[in-house]
Each structure stands twice: as C-alpha cells, then as structure tokens.
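Same chain, two partners: chain A is paired with chain B first, then with chain C.
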Partner chain A sequence: MGGFLLRKAGAALVVVFLSSVLVFVGVRALPGDPAIALAGENHDPAVLAAVRQEYGLDKPLPVQYVKWVWRALHGNLGLDDRQLPVAHTIVSRIPISLELALLSVLVGMVIGITAGVIAAVRRGKPSDHAATTLALVGLSVPHFWLGLLAIIVFAVDLHWLPSGGYVSFGSDPIGNLEHMVMPALVLGTGLSAVLMRQMRSSMLTSLGADYVRTARAKGLSERSVVGKHAFRNSLITVTTVVGLQLGQLISGVVITEVIFVIPGFGRLTIDAITARDYTLIQGVVLVTATGYVVVNLLVDVVYSLLNPRIRVS
Partner chain B sequence: MTGSLRRGTLFVLALAMLGALAVAAVAGAHGTASSSQLKEGGTLTIGLAEEPDALDPTLARTFVGRMVFLSMCEKLYDLDSHLNIVPQLAAALPTVSKDKLTYTIKLRPGIKFNDGTPFNAAAVQESIQRDLTLKGSVRASEISPIKSVSTQGQNAVVLHLSSPYSPLLAQLADRAGMVMSPKALAAEGTNFAQNPVCVGPFMFKDRVAGDHITLVKSPYYYDKSKVHLASIVYKIMTDPSSRTQALRAGDIQVEDRIQATDVPTLQKDSGVSLIKSVTIGYQGLTLNIGNKNGVLKGYSTLGTPIAKSQQIREAFDDALDRTTINKVVFGGLNQPDCFPIAQSSSWYAAATKGIPCNLHADDAAATKLIKASGLPTPITVHLLLGGTDPVNARLGQVIQAMEKQVGINVVISATDFTTSLNTATNGQFDTYAVGWSGRVDPDGNIYGFNATSGTLNYSGYSNNKIDYILNGARKSLTTKSRDTLYNAALKILIADRPIIYLYHPVYYFGVSKNVTGVQVYGDGLIRASFAAYTK
Partner chain C sequence: MSFVEVAPIVTPRARRRKILRRRFLRRPLAVVGLLVALGFIVAAAFAPWVAPYSASATDFNNILSHASGKHLLGTDELGRDVLSRIIWGARASIEAGVLSTLLAMVVAVPVGLIAGYFRGWPDTVIARLTDVLLAFPFLILAVGLSAIFGSSLTSATFALGIASAPALIRIARGEALALREEDYVRAAVANGAGDLRIIARHVLPNMTSTLIVQATVLIPTAIIGEAVLSFLGLGVQPPTPSWGVMLSDAQSYLTQAPRLAIYPGLAIFFCSLSFNLLGDGLRDILDPRTTR
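And then the complex of A and B:
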C-alpha cells in the first residue's frame, strides 16, 4: 500500500511540475506585450521598462520561472496588477464558485430527476411531452441568454430577486440564497435537461424489467414499485452522468459568474486573461491544475482502499 | 510683488481661466435638489465598466481608477464643470516666475489627511518627489520637467523646472497632483495601494479584487457638510448588459458608460435619468506612415500606398462619411469631427480656425485622387480593429463599404485591444482604429501621437516642423501664442494625415431618479462625492 501511494504521489508531483512549466510558458505565449497592457495609456519607454522590471519580465525565462516557483512553494503567488496578493484573491474566490457549482448540481438533479421520473411514469401522456420539450429547450438555450432573460424578468420587472452580485452565507444567509437562486437555476437548467432525459430512459428500462413485474405481481403499490425499486436502480446511471457533466458545468460557471457579477474563480480567470495579468493568470491556472491532480490522487487512494486488486496490480 | 511677478501671475490667471472657457455641452449634472430634500446617509453603488488598477496615484494607469480617486484623493488642482482648472488643495493658482521655471503654490491651511495627520507643504513635497523617483512611477514622465521641489513654510511649495512646461498645471489637476499621507507612505511603502490614504470626502475601507471597492465618509474632510452619503461602493461590472439591468433593477444607482444599444431603453425607463458627456477624447484611424520597426525605434516607411502617398491618404479620408458612420455604427450618439481637440474645449475654435472639416464623403474627389496616383485599383489597405465586439465589427464593415466606392479594398482584421496595441506598437498594420481618452490640455491629445519622440506615435510620423511647433507650444505660457502654434500644427497634421480623426465619443451614464448630485464633466469621470438620496 505504501509503495502504491508513493508511486501515485510521485506521479502527481511530476504532473504538477509539468503543469507549472506549461502554464508559465503558455501565459507568455499569449499575444500582446504584457508591459503594454499593464502600462495602460502611458507608453513612455521609461514606464514600460519599469513595468517589465517590476514584474520581472526583463529577466531570462528560466530565472523568471525559478523565482516564481520558489515563491509559490512558500505560498507567495505574487501581487496582481492591483498590487493585491494573488494567493489571497484566489483563496477567497474558490468557495464562491464551489457554492455556485454545488447549488447548480442540486437544482439540476432535483428538477431533472423529478421531471425524468414523471415523464417515465406518464409515458406518452401530455406531461411526458411537456417534460421532453422543456428538456430540449434547456439543452438548446445558451446560459448567457437565459441569464439575461432571468435578470430582466425577476430583477428588473418583478423586483423579486437581485440582478447580480454576491453576499456571503456567513454574513447574511438569506441574502446569499437570494443572490444565488437565479444563477443556480440558470446553470442548473442545462444539467437538468440532460438528467431528465437520462432519468427517463433509465426509469423506462427499470420499469420494464423482470424484477419490477415481479414486484407488481406480488401486489406492491405502484408508489412502492416506482419509488423503492425502479427509482433507486435508475439513480446509479444518473449519478455517473452527473460526474461526466461536471466539466461542462464548470465552463458554465464562468459565463454565469460574468452575467450575474459573481466574484468567483471563473470570473477571476477571465478577468486575468483579459487584463494580461501574468501573475494572476499563472496563479489561477497553477491552482486549478494542482486541484485536479490532488482530486485525482485522492480518488485513486480511495479507490485502492475500496478495491484491493487495484493496489496489487 | 514685483512687476515681473505680477505679470507672471496675470499670465497664469489668464491662461487658466481662458484655458477652458465655459461651454454648455461639456458638463452633465444630475439633479439639483435643495438641501432640505436631501437624505443624510445611505450607500451609493456605482457600476464600473472596468476594474481600476492599483489605488496608488504614483502607479495608477487606468481611466476608471481616476473615478475612484475623485472621491478619496483630492489634488492640488481640479477641473470645474467647464473644464477650467481651479484650486482644490491649493489655495490659488500658482505664481509663475518670469522665466517660467518656478511655480509657487500656496496651500489651503487646516486640512487633514484621512488618517488625521496634517496636510502641509512637506506632504506635497514628498508626494511629488515620490512621483518623480519611485521605481515604476507612471507620473514621472508626466511631470519630468520638475527638477526639484522645495517648501516655503508649512503652506507653500515651490516647483523648480528644468524647462518651461505649459501642460504642468493640467498634470497637477490629475493624478500627479494627488497628495498622499506621509504617515501612510511610511507605513505601507510600495504597498500603499492596499491601504491608500489621501485627503478626500471619502476614505478607503476595503477592496475585493474583481468585485468592489468600498469607501466610507471621512470624519477628517474639511468640507464635511457637503458630504451626504455614508459610503460609496464601486462595483466592477464588465458586462454592459448586466450593468444596465442592475441599474434598472435598482441594485446599482449609477451606471458607468452605457453601451449605445441600451441608451434608448434607459431613456424610456421612468426610474432612471441619463447624463450625457461629450468627452475630450477622440476616436480615429491611425495610418502607418513610417512605423516599420516599432515606436521610437527609428522610423522608416512600410512602402505601402497609404504610407508613401499623401494623395492616397487624402482619398481614404475623402471616402469616409463621418456623419453616416456615426449614424449607422453608433446610432447617432457620438460627435463627428475632423480634429483631435473636442468641440467643447476652449482651444477648439482658435486651433481649428481656417481648417476645413468635411463630415460627408466626397467620392468624386477621392476617385480623382486615386486616378491621379496612377496606382491600379483596387488598392488594398488593411484595417486593424482593436476589439472583436459587434460595434467594432460594424465600424470596420462601414469603412470597408465606403472605401470600396472609390476603389480601395479594405481588409479587416480584428483582435482584442491589448493585442492590437502590441501590433500597432510594433508597426504591423496599415490602418488602426483606435482612440484616446483625452486630456484637458491640447498637448495631451496631440504631442504623444504626432511628435517624433511621442511615445504613442504608432503612425511613425516624423516631421521636424511639427516637432518644433509642438515643443514650442509646450514652452509657451500665453494662450494666444499656443493658439497660433496649435493652429499651425493642425494645418500640417490634417494635410499629412498620420491620424484621420472621426469623432469624439459621447458617453452616457445612468443615474437612479432618487439620487441627486452626480456629475460628469467632459473628462468622462463620474463625480459622486457630494451626491445624495432624495427624500
């Protein structure tokens, strides 16, 4: 077991190192001189030279890389264009995006699974057609359009919800939920459409299976047949689909955060790239890459604990 | 006071007062409620179109950052609604020596920084010296003629210049004139931006990167009675549609620079009023005449038709219908023009006197010029757009359609703004659609783009006569001589066309109807320090 963990940890370190090189080189491959972007309207050569010196852009690439990595290992990801610590900014943004993603998954699952069950149980009936049509709309409509529409209806016209922004749960739980309802609904819509179709399909398969026929033959109520037997078995496939959809959800988080002005990690990434804020881009991408590697490592460890054959092989 | 000093004082007074004569269209203000109708307290939320960079006057580079500074960092001088330079922390306009090398600035007494420490000559001296010497200072080049700063007691500073420099006062009415608390500078050093302290109606409270900046009412401000709000929150809202919806929903009370397509919607919204600001900036087409190797790296022609031939450049200009461009691309919202100086500026009339400006296309003249050039048509010209948004796309397409009428084939390439700046700096373009946010002093709109040593001279234009005239205008302190010089310069520049000026941007700002006292002058900056909610 120890050897297995060491091998996995070693591989993870190599991946993180390669990611750091890739992000370092990749950021510098972006078109446009960052000094010009950072200098704003003032292109005085002295100012550009000072900007390059301030951000270490005048040093050879290997020197820049080593300095950056050394500081990063000590938790110092440098200062961004606003002269604010990058590490602090990133750490404060991640929970916000996580909250949005989790709420969206929750919304997607509740709506999608419920609609899928109803559609399957009432197959061929108007409610089935309605649910299927809504799923198609949910899959087709882009997030940004739906978001703006939701803002116009619920914030501008009805004044039911704020148009955007964020309030932390700790400081104001009700305010937090008020601000997150629309973004979570918008983002969860796409996921709910996929889950609805998957759930419907799984339920139909389950409802046609022998064990369900047997359960009915035994005299169990339809509620029990659907709820206890068919539904539970259908959830396995749906859960797998949720995992597969997470990647798309994360890209949706970025767009949603921009539309709803949520200070999340996704919006931070976009702003950093647009502003050519090298320090911030590097920090964001490195944290993202490291996060993926750590999560994968944990999954491998848990998997190996659950399945000894994995450790041996 | 000696005779020469009195004359010097009169020159400066005349310069400053005539320097930006009253023009009605420049300033926009929202609401003029009487004090009894004003509520005390409340938070005003302003949705900004971009995020300010460092909140450090020495290092700050962004246009939008100046809006935040207006509320928390007063300057030696400021602009009034007619763009006249007026004293703010200074007690009066400076006294200038006869040789124009010494500026004596008297300061207002009894003022405190927002940390309670006294504002005095030593503080001003320290701020200006920091601007001149701090590594990475963006202000140094703006006030480079200042060679030293001394004090005269507690309430006067003396600036010693290496050469006369007439735009100096305008620079002291911007970030170079902001005075930072010495105590805060000592405590924060180069991290001043994380906790800035100046003199201002509001003081810095906190900042969440990419989200908001919060200022709270200062208990130290010398004119507290004029401040009604408890706090101002600058919210970063880069998506223009989200910003407009937030204003309509009441989540923000002031919207920065409404996009053109949202203006008609907001005009019909009964809960919102609009402030129109005809800016002192311009938008135009920079033509690459001599920038082959990069800005300031020795100019040489690219050899393209546009670069080699003044006739072709004139034809290109003649084919453009500025009125139609404004109507089709911007819904008629901007101000078409042929000059870099805004029509609202007091410099405009004299500087443009006798120089024709045809806002409509003259296809016959353009075609004639192209025929006379002997070049086979169509002549291919590449147009670089500094943005991939629909507005830029429309601008490119309209220009392309207009030039096609006269035998010029415009090939459009669009890229993001930062990349386009880089491309232009390296001289890798034929024509480039770009603008400038504008400065009160005409030097700020002309020198950097047209002088051989101009750091923004993407065109690579180099003309000894223009250099001589523009340098002379910098050294001259009388309005009359500067008027003459800028008129002479513009006659040459409009003929040579390193830049074809198209229009002056007109910005629209939205304000909730329950808020009064928000102002926007021709510099396009939101002024909300003395705003208030109405009862």
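And then the complex of A and C:
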C-alpha cells in the first residue's frame, strides 16, 4: 500500500512540475507585452525598461521560471494588476467555490444514486425508462443555460430565490444557502445524470451476480439484498465516476459562478484571463492544476482503499 | 437446359455493414438523433437559403417583439430575427463541434497509436505529456488556449480541438496497447509483416468503432464548449451569430424577454442531444454483445 501511494505521489509531483512549466510558458505566450500592461499608461521606453528590470522580465526565461517557482513554494504568488497579493485573493475565494462544489457533488450523488438504484431495481418498467430518459436529458443540456432558466423561473418570475451573488455562511447561514441552492442544483444535475447511468449499469451487473442469488436463496428480504450487497459494491463505481467527473465539475463551477455572479475561484479565473492580468492568471491556473492533481491523487487513494485489487498493480 | 443458380458474392465487410444498418434502424431513438443532427448540419450548410433574414438585419421599429407571422420566433434587442440568428448560429456550433473533433482525432490517433504500439520511450514521453494536459480541466484549457489564440471561431475551434485531444490520445493508446497483443497481430508479426502493414491492416481498422463512438461523444462536448466560449466573450465575436453570444446578450433582458434566453439554449440542447442519441445508438450496435 505504501509503495503504491509513493509511486502515485511521485507521478503526481512530476505532473505538477510539468504543469507549472506549461502554465509559465502559456502565460508568456499570451499576446501583449507584460511590461506595457504593468507600466499602465506610460509608454516611455525608459519607463518600460525600468519596469522590466524591477519585475525581472529582462532575465532569461529559465531564471524567471525558477524565481517564480521559488516564490510560489513560499506562498508568494506576486501582486496582481491592482497591487493586491494574488495568494491572498485566491485563498479567500477558494472556500466559496469549494462550498459550491461540495454542495453540487452532494446533490448529484443523492439524485444520481437514488435514480440509478430505482432504475436498476425496476428495470424495464416505466420508472426505469423515465429515469434513463431524464439522465440523457441531463447529459445533453448545457448547464449554463439551465442556470439561466432557473434564474428566469425562480428569481425573476417567482421571486423565491435571489438571482445571484453570495452571502457568507458565517454571517447569514440561511442567506448563504438561498444563494447556493440554484447553482448547486444546476451543477449537480450534470453529475447526477452520469452517476445515474453508471449506478444503474453496475447495480444491474451486481444484482445478477452469484452472491446475490445466494443471498436471495438464503431467504433474505429483497430490501436487504439490494441495500447491503449490491449497493455496497456499487460504491466503487460511484467513486470512479466522481473522480472522472472532477474536471467537468471544475469547469461547471467556473461557468456557474459567472452566471450566478458568485465571487468564487472560478470567476476569478475567467476575470483574470479576460483582463489579461498575467500574474493573477499564472497563480490561478497553477493552483487549479495543482489542486486538480492533488484531488485526483486523493480519489486514487480512496479507490484503492475500496478495491484491494488495485493496490497490487 | 438447367440453370445453375449462383449465389451473389457478399464480402464479409458488406455483410457486417448490412447487419449494422439493420440494427441501427431497429433503434428509433438513434434514428431520430441521426435525422435531427443531419437537420442541424443542413441548416448550418445552407443557412443563406434556409434562413428568412440575414443574421445582422436590424429593424429598430420592431425590437423585442413576440412571435409573429413575419418573425416566427420574434426579434431581439436590435430587431434582428431570432429564428434566422439561430439558423446562422448553427454554423458556428456545427463548425466548431465537428471540425474541432476532427482536429482532435487527426492529432490524437497517430500519437496514441505510436505510444501504444511501439511502447518504449515514445510511450513514456507521450503518456507524461498527456497526463500534464489532463491536469487542466477541459474548460480551463479551452479558455486559456482561446486567450492565447485570440477571439474568433477559428481560434475557438483550435482551442477546443487541442483541449479534446489528450483524452482521445489516452483512448487511442489503450486501444493500440490491447490490439497489439491480439493473436492475429502476433501471427502477422510471425509471418514477417512490417510495422506499417500491421498497423494499417490490423490495428487501425479495429480501432475505428471505438473512435467513432468517441467522436460522437466529443462533438456535443465541443458544441457546448463553443457556446461557453462565445458566452464568455472568448469565441465568436459579434456581429457573427452564435448561440452562446445570443445567450450572453439575453442576460440583460431576462425580465423583459426571457424567451431570448430560451430559444438559443433549446437549440444547443437539441443539437447536442441529437449527437448524444446518435452516439448512444452507435455504441449499442457496435457492441459485440448486442444480438439485435
């Protein structure tokens, strides 16, 4: 187990390192001269030269890269265009996006697992067809459109929920949840559609397995057969799916935050890219990639804990 | 004189195609998907003839109007016919969706093949690089690449294609890895066949069904991706119509004319649904376990 973890962690480290190089090169590939962006209105060559020297832009690229990585490892991601520390902005925004992501995963799991189990148990019946069709719809619908529709119905027409914005949980828990309900539901439906299909498929396989036949032959009630045996083994599928859908989840968080005007990490990314704020972009994309790799590693660990066969490979 | 009846010679490939066609026609959802997808493609290709108005014909006396005889879906905030803009918008979506997937395939299949078939250090390098690209969520990659390439339909297509490639490389690599262990490949090697011949005759043809299914999954993702990029202002630039741009514009008029947000979204939804249904059907009929 330890060796497996070490190898995975090592591979993850290599990926993070290479991603940082990619981010660094990628930002440098953005059109425009960072010195001009930093100097503001003043295009005097002497001023530009001074700006370049101050920010180390005149040094060779590998040197710039090393300095950046060194500072990043010490938690210093530089200052953005408004002279605010990037690391601080990122740290303040992450909890908001995390809350949205976690709520969405919760919603997705509740809806997806329930629907998948029902569809598997009532295979071929109308409830199965209905659930499968709904899942297909959930897969094809563009989620940012679903968000707009939700705003139209629940905020504009019915005035039940606010159309956007954010209130912190600490200051107003009810308000916080009110603002999060629609975004979490919208994001959760995507995950629930994928989960429902996988859950149904793996439950159908489990329910046909020998150990389930044995349980039924032993006289166990249908509920305990379904609940304990088949369900527990489908948890592995759920973990795999959630792991695979993480990328989609992050993309979904980004676009949902834009639509519902939530001041989270996702919106920060888009704002940074549209504003061509190079330092901010570098910091944000680096954190995104690193976070993604780390979470994938965690999912791998959980998966290997659930499925002992994987540890040996 | 007796006639000798000679059975028509049917090649195995033709027979398989006939079986697949019959299986496909037995699945109404897949057929519907195919027809609707074709409908969007035709609308996109023949937009100048199908759309009643041009996409930028404004009519300031008639803004935000409801559905009428003259404008079947009403007009937007500049008096432009919504139905025409949706038809013209299909161009951006189909072009971005189909071309970016094609680009991803053209790049990913050879790379994945090389990695999976030849193994060794090309495989290690390719696998690591793919892992790095996969460390970035699809949208972040697409948005970042769009920012680098500039904002236009072409750059959005490129960005989406490159963002879709890493996952496809992994799949192609997996297929090649599995196929090279097949008995008929080993037989060909034993017979002295060169690598190129083996790849061309044995490996690549057996990958096509998986690749086709993957393409039908990638296209709707790319269609939605183009809509997102245009929505964020990073893809198609106005006045070129795109469903994403229409949705973005509609945000300012949610109270007065919510239908402006509903129609483009429905278009995106049906377009991507049709390709998804088609893909589901193809995956079903190409599955070796299917009997009908």
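Here is the rule we go by: the second predicted complex is superposed on the first by the 219 of 313 C-alpha atoms of A that agree within 3 Å, B and C clash if a C-alpha of one lies under 4 Å from a C-alpha of the other, contacts with A are read in each partner's own complex, and residues count from 1 in each chain.
By definition in this document, a residue touches a chain if its C-beta (ideal position, glycine included) is under 8 Å from a C-beta of that chain, and two chains touch if they have at least 3 such contacts.
Keep in mind that what you see is a predicted model, and the values were worked out from it rather than measured.
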Contacts of A:His74 with chain B and chain C, given as first, second, both or neither: neither
First (chain B), second (chain C), both or neither touched by A:Arg223: neither
Chain B versus chain C as contact partner of A:Ile151, first or second or both or neither: both
Partner chain in contact with A:Gln53 - chain B first, chain C second, else both or neither: first
Partner chain in contact with A:Val258 - chain B first, chain C second, else both or neither: both
Chain B versus chain C as contact partner of A:Thr274, first or second or both or neither: both
First (chain B), second (chain C), both or neither touched by A:Asp44: first
First, second, both or neither for A:Ile250, with chain B first and chain C second: second
Common ground on chain A, meaning residues reached by chain C in one complex and by chain B in the other: 31, 148, 151-152, 156, 163, 258, 274, 276
Residues of chain A touching chain C in the complex: 11, 14-16, 18-19, 22, 26, 29-31, 136-137, 139-142, 144-145, 148-149, 151-152, 156, 163, 246-248, 250-251, 254-255, 258, 269-270, 273-274, 276, 285, 288-289, 292-293
For the chain B and chain A complex, residues of the former touching the latter: 51-56, 59, 61-63, 135-138, 140-142, 190-191, 193-194, 207-212, 235-239, 241-242, 245-246, 248-251, 295-296, 415-416, 418-419, 421-422, 425, 436-437, 455-456
Chain B partner contacts - residues on chain A that touch it in the complex: 31-33, 36-47, 50-51, 53-54, 80-84, 89, 92-93, 148, 151-152, 155-156, 159, 162-166, 258-261, 263, 267-268, 271, 274-276
Contact set on chain C toward chain A in their complex: 128-129, 131-140, 143-144, 147-148, 150, 220, 224, 227-228, 231-234, 247, 250-251, 254-255, 258, 261-262, 264-265, 268-269, 272-273, 276-277, 280
